[in-house]
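You will see two complexes here that share chain A, one where it goes with chain B and one where it goes with chain C.
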Partner chain A sequence: MKAQIELANQDNSSYRKLKDRIFFWFIVVMSVVTISPIVMIIGKLVVKGFRQFNFNFFTQTTPDTFEAMMAVSQGEIIPGGILNGITGSLLVVVLASVMAIPLGVIIGIYLYENQAKRYAGLIRSIADVLQGVPSIVLGLISYLWIVKHVTTGFSALAGSVSLCIMMLPLIIRSTEETMKMIPTSIKEAGLALGVPYYKIILRVLIPTGFSGLMTGILLAISRIIGETAPLMLTTLGSPVVNMNIAKPTSAVPLLIWEFYNDPNMVDLIWSSSLFLMGFVLTLNIISKRIAAKRRTI
Partner chain B sequence: MKSDKVTKQILFAASLIILLTAAGMVFSLIMGAIPVFKEFGLGFVFSNEWDPTEGRENYGALPFIAGTLITSILAIVICLPMAFSTSLFIGEYFRKSAVASVISSMVDLLAGVPSIVYGLWGFYTLRPIIMELGLSPQGYGVFTSGIILAIMIIPYATSLSNEIISMVPNELKEAAYSLGATRMEVVFTVILPNARSGIVASYILAFGRALGETMAVTMLIGNSNVVPDSLFGTGNTMASVIANQFGEADGLKLSALIGIGLLLFIITALVNWIGKIIIKKFS
Partner chain C sequence: MTTVAMAEKQVKMEERIVDIKNPVLSIQDLSIAYNKDKYAVKHVNADIKKNAITAIMGPSGCGKSTLLRAINRMHELYPDIVTEGKINLHDDDILKMSTIKLRRKIGMVFQRPNPFPTMSIYDNVIAGYKLNGIKLKRAERDEIVERSLRNVALWDEVKDSLMKKGTFLSGGQQQRLCIARALAFQPEVILLDEPTSALDPVATAKVEDLLVELKKDYTIVLVTHNMSQAARISDYSMFMYLGELVEYDKTKVMFTNPRDSRTEGYLTGKFG
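This part shows the complex of A and B:
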């Protein structure tokens, strides 16, 4: 009410219109400023990283400092690649997904089936709290649990446990939201036919909500694949390709950190980052596509 | 049916796992932090001396708590006008247009950039600019970290507020227009009061994100174990000190780092909880 009276009292309409124009352009300029970093980041990665992109980059392991130094001093591109990082990232992420996806989907379905229960509310709040826990703290936890007691040493398993805890809340939430969107009539039709409950989950709920689940899973993977901090505390890094889950393993973000700290290898950070960024982007685009398709149906 | 009972039990058991995980996390952090609290008591939280030299070890978390709060508050202050404008751009001014969807997917992309890539960009692009401007001789420090954090949390600050701004009923806006209000007046007298708590909640959640960011801050804050003396001074955050000093830590130092992890856990959980309560009240 007060605002309206104020408006009525102001009869300086040209001044108000001017203010309105200025505000409009402020919004436009600030929005452009907001999106400029992403353009600059991708631009920089492409320009500086493209030079190192070659076949060897994907098929060889990291060079040692001396090799890199020789190459740099002769003005050549650094030999070797990031194969140990790529395989390590795959190992850790696949392991984390194997643990987190089934568990997350089951918990999501549980929450959907028991919406009103107080216990379900508690689980939901816990998932929310877990989602807010900084990744470095998850690294600490996994260090205390897995590195100290299970594998007694830095290991791929420890890394994937910390990433698994990171993925869980995202998958739980997206599963529950997806299930809520499925018409209950479909489920009831199955129940009316006397289909056992587990078959309803496997044959009705999951297939119907498949694209929704997929979107959530892909987004969760794209979130964890670039994580560096928890892996520093758990998988440590390794100069060779390692497929043993109880041994230290490298990962692409860990390699970027190592390159960054080694003046001889610094050239490799851009190509590695470009690779990582490309991967995350692709996952994002695929999940957007799936989500968009779902909306049109 | 018997199988139905088993299915329900499996679902319930899965939910127990996450309950146990969360309880186990709190338990492990507390157990790990006990030695340092035994040694220094509450002084661990309020002392600003951090000295890992053997023989006269002294651990106080205050510099890092201060560093975390200062960088995060700075980040939210810098982020505010940008996120606010972008939300209005997407949720009101260009609602449902092609431009808005381009801008909104680019903002989403910001959330996909790995923290370490932000760190690299901050180091090689932002730091030279800060040095050029003469703000800080090395370009490291609280201010540089604050800018990077601000960019990193924009997607979290906008995602929710876009939706809430676009949900403000058209009738209210039209009523204001019919009284002769300009668009800007509609924004400030109709949209903002209606969307207020949702916008506040999304900024609180973004703040929670900023508190725990590790890699980018570690690369830019300068890593000195003191309370930052100015906006352009160097410091360390709780997350960055764990990342930096974990490698050579054992005994009491490890316990001190776990203690910092526990404090960080408590602070972020609290901030997120407040944000969620505001959202719940709103919906």
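This part shows the complex of A and C:
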């Protein structure tokens, strides 16, 4: 009996071992192929950008090209930082969020409440189309609407409108999906207590779906924070810290573009990109954490 | 079948017709359709006795939930629903009351325990007040929470963890928490839709004991597809079949001497 089993094992063992080894190495190679770009990108950014990554980088505005040239020619690090870009990005993103989050959440809840209505289907398709519109086109549209007519000049507001349009479909969809995941029984529990419907939405559904809503919002923010093209047509850029929504404003991705065009500032490209990458990664990690922690349903 | 044997001796002819004096609820010729011409509840007439447990039985899909949900108008969640007939709470027409007022007088407990997942045990009990924006003093709130949790025999189990999430409790405890939430408003009527079908036998027994205790202060309408549950705890039973109320009688009468062959078929396990 025992011998028989051993015999049976021996029959296939070499073939099986070979198969096992082939698959093992296949998976190893594929994993390396998948991971290597991100490792290479982060590695490159750290190596090249780390030298510029100092205190001044976060507290000073961009140097002018002459200062940078002098520093580079003497082999020193470039003075100044990207404070104007960081504050500009914050201003534009906060403005865009203030517009996009309430609107997106309201539309998302509307779609959830009116699943089958034709009007809801139309909004859903518009959101899908919007998601596919190239961001530079959104920049152009915001240029026509806001730059030309509202602020009559390049402005943070114009930039945030174009980014808001980019955020909307993401937030609408994630809100609708989140709401769909909340069991109807939770809604019924509220209704059975005589709670008016709008209060159930505000005080039961939104808190219950909070983690889902938050995840969608953070992902939408991380999606727009690196946008450059629409900002070129709308916020334009600024060498100083600007907090006026009607004035031109800098932003981190805009600075990266400007540094790229100035041979004296090349080193700053890497540190700015490292900063941006780190920010987006952090947002992603936070949103994953929230999703894992508050999965209360 | 021991219940049946016991009850058999007590049957008298005059008990065969349900005649309920001063009913809390009076359902009059009630018909409900989800889609046009497809009625889920057909011409139901029934009075519900105060401080008693009335069980609604019948095979799955016969309209028990629809009938029950009509009593506090939860069936209106479906926008295309058609309701004909009348339900009175004492002398008020339920279909003409504001749902907000109505649902404070007629509470509901569902098949699956559904505490609000973001709220603590304490907040779940007081949720009806909180969500409706009814302001209460701290002491009043504490009193309502304690009273409601004592009512469902949950107080001793949770008094030290009132600020924990309601969803941390076991299924049976969650269901009792949901009953406490419905009791917090001190409604007149409590509607329960198969409240024990998601619970284990021990938790089920606890809820059943609780309902028997609660009928002293409340009128209870209980949907169950578990015949022995109806036999154990209900005073009156309805048997529904294909949307019709086939038979309505004192529970012991119906279980020993069903008048309709369909009721008999159901009770003897021929279908359902």
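Criterion: the second predicted complex is superposed on the first by the 262 of 297 C-alpha atoms of A that agree within 3 Å, B and C clash if a C-alpha of one lies under 4 Å from a C-alpha of the other, contacts with A are read in each partner's own complex, and residues count from 1 in each chain.
Going forward, contacts are C-beta pairs under 8 Å (C-beta built on N, C-alpha and C of every residue); 3 or more make two chains touch, one makes a residue touch a chain.
As the structure is a prediction and not an experimental result, all values here were calculated from the model.
Once the two complexes are overlaid on the shared chain, A:V129 sits against chain B while remaining clear of chain C.
Once the two structures are superposed, chain B and chain C can be ranked by residues of chain A touched, with B on top.
Shared-chain residue A:S14: touches no atom of chain B or chain C.
Of the two partner chains placed by the overlay, only chain B lies in contact with A:L168; chain C stays clear of it. Of the two partner chains placed by superposition, chain B and chain C are both touched by A:P196.
Residue contacts after overlaying the shared chain place A:V204 against chain C, while chain B stays out of touching range. In the overlay built on the shared chain, the residue A:Q74 is in contact with neither chain B nor chain C.
Of the two partner chains placed by the overlay, only chain C lies in contact with A:E188; chain B stays clear of it. On chain A, the patch touched by chain B and the patch touched by chain C overlap at residues 196. Taken in their complex, chain A has these residues touching chain B: 3-4, 7-8, 13, 16-17, 19-20, 23-24, 26-31, 33-35, 37-41, 44-45, 103, 106-107, 109-111, 113, 119-120, 122-123, 125-137, 140-141, 144-145, 165, 168, 172, 196-198, 201, 222-223, 225-229, 232-233, 253, 256-257, 260, 269-270, 273, 276-277, 280-281, 284, 288.
Interface residues of chain B, counted against chain A in their complex, comprise 1, 3-4, 6-8, 10-12, 14-15, 17-19, 21-22, 24-25, 28-29, 32, 81-86, 88-89, 93, 103, 105-110, 112-121, 123-125, 151, 154, 179-185, 187, 189, 205, 208-209, 211-215, 219, 239, 242-243, 246-247, 257-258, 261, 264-265, 268-269, 271-273, 276. Those residues of chain A that touch chain C in the complex are listed here as 183, 185-186, 188-196, 199-200, 203-204, 207-208, 210, 296-297. Within the complex, the chain C residues that touch chain A are 72, 74, 77, 99-104, 107-108, 110, 112, 114-118, 127-128, 130-133, 165, 167, 178, 181-182, 185.
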